[in-house]
Amino acid sequence: MSDGTVKETNEISGQAPAHHDQSHLHLEAPEKPYLDSNELIINMGPQHPATHGVLRVILKLDGEKVLGTECVIGYLHRGVEKIGENRTYTMFNPYVDRMDYVAAVSNGLGYCEAVEKLMNVEAPARAKYIRVILTELNRIASHQLWLGTHALDIGAMTPLFYTFRDREEILKIFEKYCGARLTTHAFRIGGCQYETYAGFEKEVKNFLAFVAPKIDEYEELLTTNRIWLERTRNVGVISGDDCVALGVTGPVLRASGVKWDLRKAQPYAAYSEFDFEIPTGENGDTYDRYLVRMAEMRQSLRIIEQAVNGIPEGPIMGKVPKVIKPPVGEIYHSIEAPKGELGYFIVSDGSTQPYRLRVRPPSFVNLQALDVMVRGLLVADVIAVIGTLDIVLGEVDR
Amino acid sequence: MAEEVKSPAPPPPEGETKSTAEKPAAAAPPAAPAKPAAPAKPAGPVPLPWTSPLVEKYRNQYGSAIEALTYLGQNYLNVDRSLIPDLLRLLRDQEQFDYCVDITAVHYPKREKQFDVVWILYSFPRNERMRVKTQIADGASITSSVDIWATANWLEREAYDMFGIQFDGHPDLKRILLPDGWKGHPLRKDYGILQQDKEWVQINLGIESGQ
Amino acid sequence: MLNQFMSYLGSNVTPGGANNQLWALIYVLIIFAGVSVAVMAMNWFERKALAHFQIRLGPMRVGPHGLLQPIADALKLMLKEDIIPQEADQFVFWIAPVIGLLAAFTVYTVIPFGPSQAVSDMNIGILFMLGVSSLGVLGIVVAGWASNSHYPLIGALRSSAQMVSYEIAMGLAVVSAILMTSFNASGTGTLSMIGIVRSQQQQGIWFIFKFFPLGLVAFVNFVVAMIAETNRAPFDMAEAESELTAGYHTEYSGLRWSLFMLSEYAAMIAVSSIAVTLWLGGWLRPFPNLLHAPGWDFVFSLFPGLTFLGLAAIAFIGVARMPAHFSFKIQRIGLAAFAAMLGFIALLLLLIAIAGRSSSSDASIAARFREGIDYVYWFVLKVALFMYLFIWLRATWPRYRFDQLMRIGWKVLLPITLGVLVLTAIVGVIVS
Amino acid sequence: MIPLFIWALDSPLQHPAGIAAFLISVVAPVNGEMAPVATPFFFYLLSGLAVAGGFFVVTRHNPVHCALALIVTLIAVAHLYLMLYAPFVAGVQIIVYAGGIMVLFLFVIMLVNIERASKDRRFNRIWPVGLAAACALMGLFVSAFVKGRGLFPDRMIKLPEASNTQEIATALYGEAGRMGQYTFAFEIASLLLLVAILGAVIMTKKRI
């Protein structure tokens, strides 16, 4: 790495003590003037309309300017990793859906592939295609939900309803495929349990034709809207180097100009067979992240189209024993979830239960960048930045 | 038995032959009662030595304190605890492992050095992953890598929260997911869920048991 | 007393102008009741319109198409427990919504719904309106402070800064309209609301089109400032729910909260009335000078009746489209009754229009009645368009950030309104 | 708030009256002449409100309460102007003082640490000085009251209220090319204000 980058990184990490020092949250002025202007300490959340669940952010404000933040998380902690150690590999599979519950299919894909890798088996080609189709549909659904809530945070009420209307079509496909809408448990270790239903491909194609103009519709409402531009441009700027140092991945990283997508960098499932692009931004601000996600939705449509057209015939379940008992060893496998790199680190002791199951949650790591991104901005920008990070508290807290 | 290889007792600074000789003696006895069926298992893939210019370079520098292995195509280094901050820094600065994906730990209660601490690293320029592992005893501390990767901050806090591993030099090492007053570290193998649950229910709800 | 009534009805002035306290009181009561009903209607309309912008239905359960929803809401709010936080400043907390409500309603005393359809015609009418509506901010500021809580305090701070800043742009825009009243033969302008409308009538032009585009620019500036002044989207900083939960009224509940809502909507109607009076010709119907033959008068006087007829038709279509399920029976009957009521009003209005026409030459009661209805109708119609604008903006746009809001107020609106004022004066002097 | 409410019911064009005035007018026959109704009653009511407001301004410990009391005083004074047939001054008083300056006062009060300010004792050591000043002012007022008309003979003429605004304009700006009585003073004052605004901006802005 060049010297410049190293310096940059050190600079960030050098800030870290100040960010997370508890003492900075107390009013430290030793001698107050008679009429001092108060530094407000505001507790945003855990019950706040714009913290996307139960995130609690302690803001230190000078007027409305943010001097520092501290995130308090864990209100939704369910001990997913501990549960994993106490369930068999098969039993644990539905649990991962509950982490990032708006992108449950991605979670399941990552988990199933990690265990498959650990067992050194591979899903059949048809299963891989089905996985890609559903995962990309879920990526669109996740981005739509993000867009709606993000716009609502910034004050535009209407896009929320548009995105939910269109997300409904995706959920209908999920429901028809596996019977569940949100926590789908769509995949099994070794492949898929369900064959596609009759008319699946046609419905997916119909959806592609349906949603493409809808994405234009969202863009019509927001992309060139003056207020939207003012609220998102140059807000929450984070450089590519900062992103790397902070481990930020996903659209946030790409909006800062780092062209990195695990689907291209280390292809999994059937992604190496499709032609798609990695949209990137330049400024790393909220607006670029918005544009990147909008472009990602369109790229997902491309991938789905290719996958539906080229879906092979064949079995959907690989050669997997009835009792999943991976050999002793450990594996790390990660996929590009809608929020970023979702990794599973599994240590097996040869039994039917994981010895240790670690989830590398993208939201958790991305949320760490909040403090860097909002310093010096206003309260309203904190909301915008929390929205643009696209966190799901189920995944942050696990 | 693969576990000895995977999580060996820390090799002494000099004499690799000695360390390999010691390994079964050190780790097998505690592991054996836990899984008596293990030796009878069909032979899975086993970790193989990992050879690469990177490994050679650091092996020349640090000798046998580094053990390089590869398993199912994933490479990892088993290193001595004393190397930790320096080696990580070198990996970042010289080998371009600029992205710390994850920091976590694994608990082996029967071992003398109970914890594996694992750094999962990724290099954007090389498009390559590797893991660095080290073993530490319960109560021992390890140097924090927050000033190498800023992302280590929360990840180390989580490892502390869940395992009780002390990271020296961490700016604000406190619980992150669990409440501040929590007792124990839940991802340790000897942590009793039911007992904790009962205790909490008895104190906070005033009833016998929530189960 | 009867004499007073008759003498007032015979005169052509406002009850205040006729020195008629009784009639003034009745007017005040009518206006209070009317504004309250208008606020309820606005509430229903906003929820329905917003819902249809957002591909949903809005209230549908309470009454046919949710028509009784505002009443249900009002009842609920009145019966709700009224919570005053322990740490709050009790007295100030109590008085804050009252201040806001008083300020919002007091403004209506000078709003001219017609040349004699106003409580009073003050010679400082517009000044009075600006002054009293500027008192409304006190309610918000004091509420935020008295709650003794951080979010309301920030809301109050935002609100006070916002209102004080936008008041300047608003005032300057108003001054440019007042300036336009003085470009007549006598050379003297007026601050009276009725006088301003009369002046538009005399000059034969709505001030929005006067010295095009100066009037239009001033009008647009005023509209922006008035949206900011009433804390509505996209300037709803003071109660931005995604940032400050509910802003200054976070700690309020029940009746007190509903008073805030009432005053907010009343203030919206009030500022819209100022805009209508100053730039859109107040009660004047379109083209009063061009199409002034008695025939045209009759045609335009049919509008109120036709409007109600249209509404009745919509309601009847709603009846026809209701599902034929028996559980909708009561709703069906209710909506049909509502439609019939609207139709009846329409018939009444049409009758009055026709009766007023036959004797339009002399000042019979029917003719006077017809005139009054016309005035109020055109005024209310114009104000209703503004109400729709408010809803439309709320449905479409994101919210500005606070610093951007201040920047627009001070760096955009203020210079433009100042420039327009100076240009209006120059152009006026040159032209007249 | 009461005066506001009264004003709501009233037409200042003829007389500042309200519910009470209405009751009186119902009981008493209305004469054709546009005479003010119950003038002494409202004068004393408003004066009492103004004095009471002023009293609370100096005695209340909480600055926000003081500000609210000051607003009551200002509004009462505005109504007194109205009774003096000066509606323009009354309107400006409300816009500028009650609506503008007092909101800014409140704005500042909210930003500062009220807890401490309210704990301090209101009447500290300089209260004798204040008392002396108040007594002197009182003496001045009493002497003006006793001397009465003799001091301002020409100001007791009843001015036509309807043209009040125009007359102020004439006095300030002049008429038909002729300078008004106070044009110069008015311009000087506006210049001073401009300088003050610029000064305030420069003092608060770190970088211009």
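Which chain is which? They are A, B, C and D, in the order written, and residues in each are numbered from 1.
Here, a residue touches a chain if its C-beta (ideal position, glycine included) is under 8 Å from a C-beta of that chain, and two chains touch if they have at least 3 such contacts.
Keep in mind it's a predicted model, so treat the numbers as computed, not measured.
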item: Comparison of A-C and C-D (more C-beta pairs in contact); value: C-D
item: Taking each chain's C-alpha mean as its centre, the one farthest from subunit A; value: D
item: Rounded Å distance, subunit C centre to subunit D centre (Cα mean); value: 29
item: Rounded Å distance between subunit B and subunit C, as computed from the means of their C-alpha atoms; value: 69
item: Cα-centroid distance, subunit A relative to subunit C, in whole angstrom; value: 46
item: Centroid distance [mean C-alpha coordinates] between subunit D and subunit A, Å; value: 61
item: Numbers and ranges of subunit D residues touching at least 2 other chains; value: 111
item: For subunit B, residues that touch 2 or more chains besides their own; value: none
item: Junction residues of subunit A, two or more chains touched; value: 63
item: Residues on subunit A engaged by subunit B in the complex (per definition of touch); value: 1, 5-6, 9-10, 12-17, 19-22, 73-74, 77, 79, 81-82, 85-86, 117-118, 120, 244-248, 258, 260, 265-266, 326-332, 334, 341, 343, 345, 347, 349-351, 355-356, 358, 360, 364-365, 367-368, 397-398
item: Subunit C-facing residues of subunit D, complex; value: 1, 4-5, 7-14, 17, 21-22, 25-26, 30, 34, 62, 64-65, 68, 71, 87-88, 90-92, 94-95, 98-100, 102-104, 106-107, 109-111, 161-162, 164-166
item: List of subunit C residues in touch with subunit D within their complex; value: 1, 4, 14-17, 19, 21-22, 24-25, 28, 89, 91-92, 95, 98-99, 102-103, 105-106, 109, 119-124, 127-128, 130-132, 134-135, 137-138, 141-142, 144-146, 153, 156-157, 160-161, 163-164, 167, 171, 188, 191
item: Of all residues in subunit C, those that touch subunit A in their complex; value: 50, 53-56, 150-151, 153-154, 157-158, 233-234, 236, 240-245, 394-404
item: Of subunit B, residues touching subunit A in the complex; value: 1-3, 6, 34-35, 37-38, 41-42, 44-45, 47, 71-72, 74, 92-93, 96, 98-102, 104, 106-107, 118, 120, 124, 127, 129, 131, 146-151, 153-155, 158, 162, 171-172, 175-179, 186-187, 189, 193
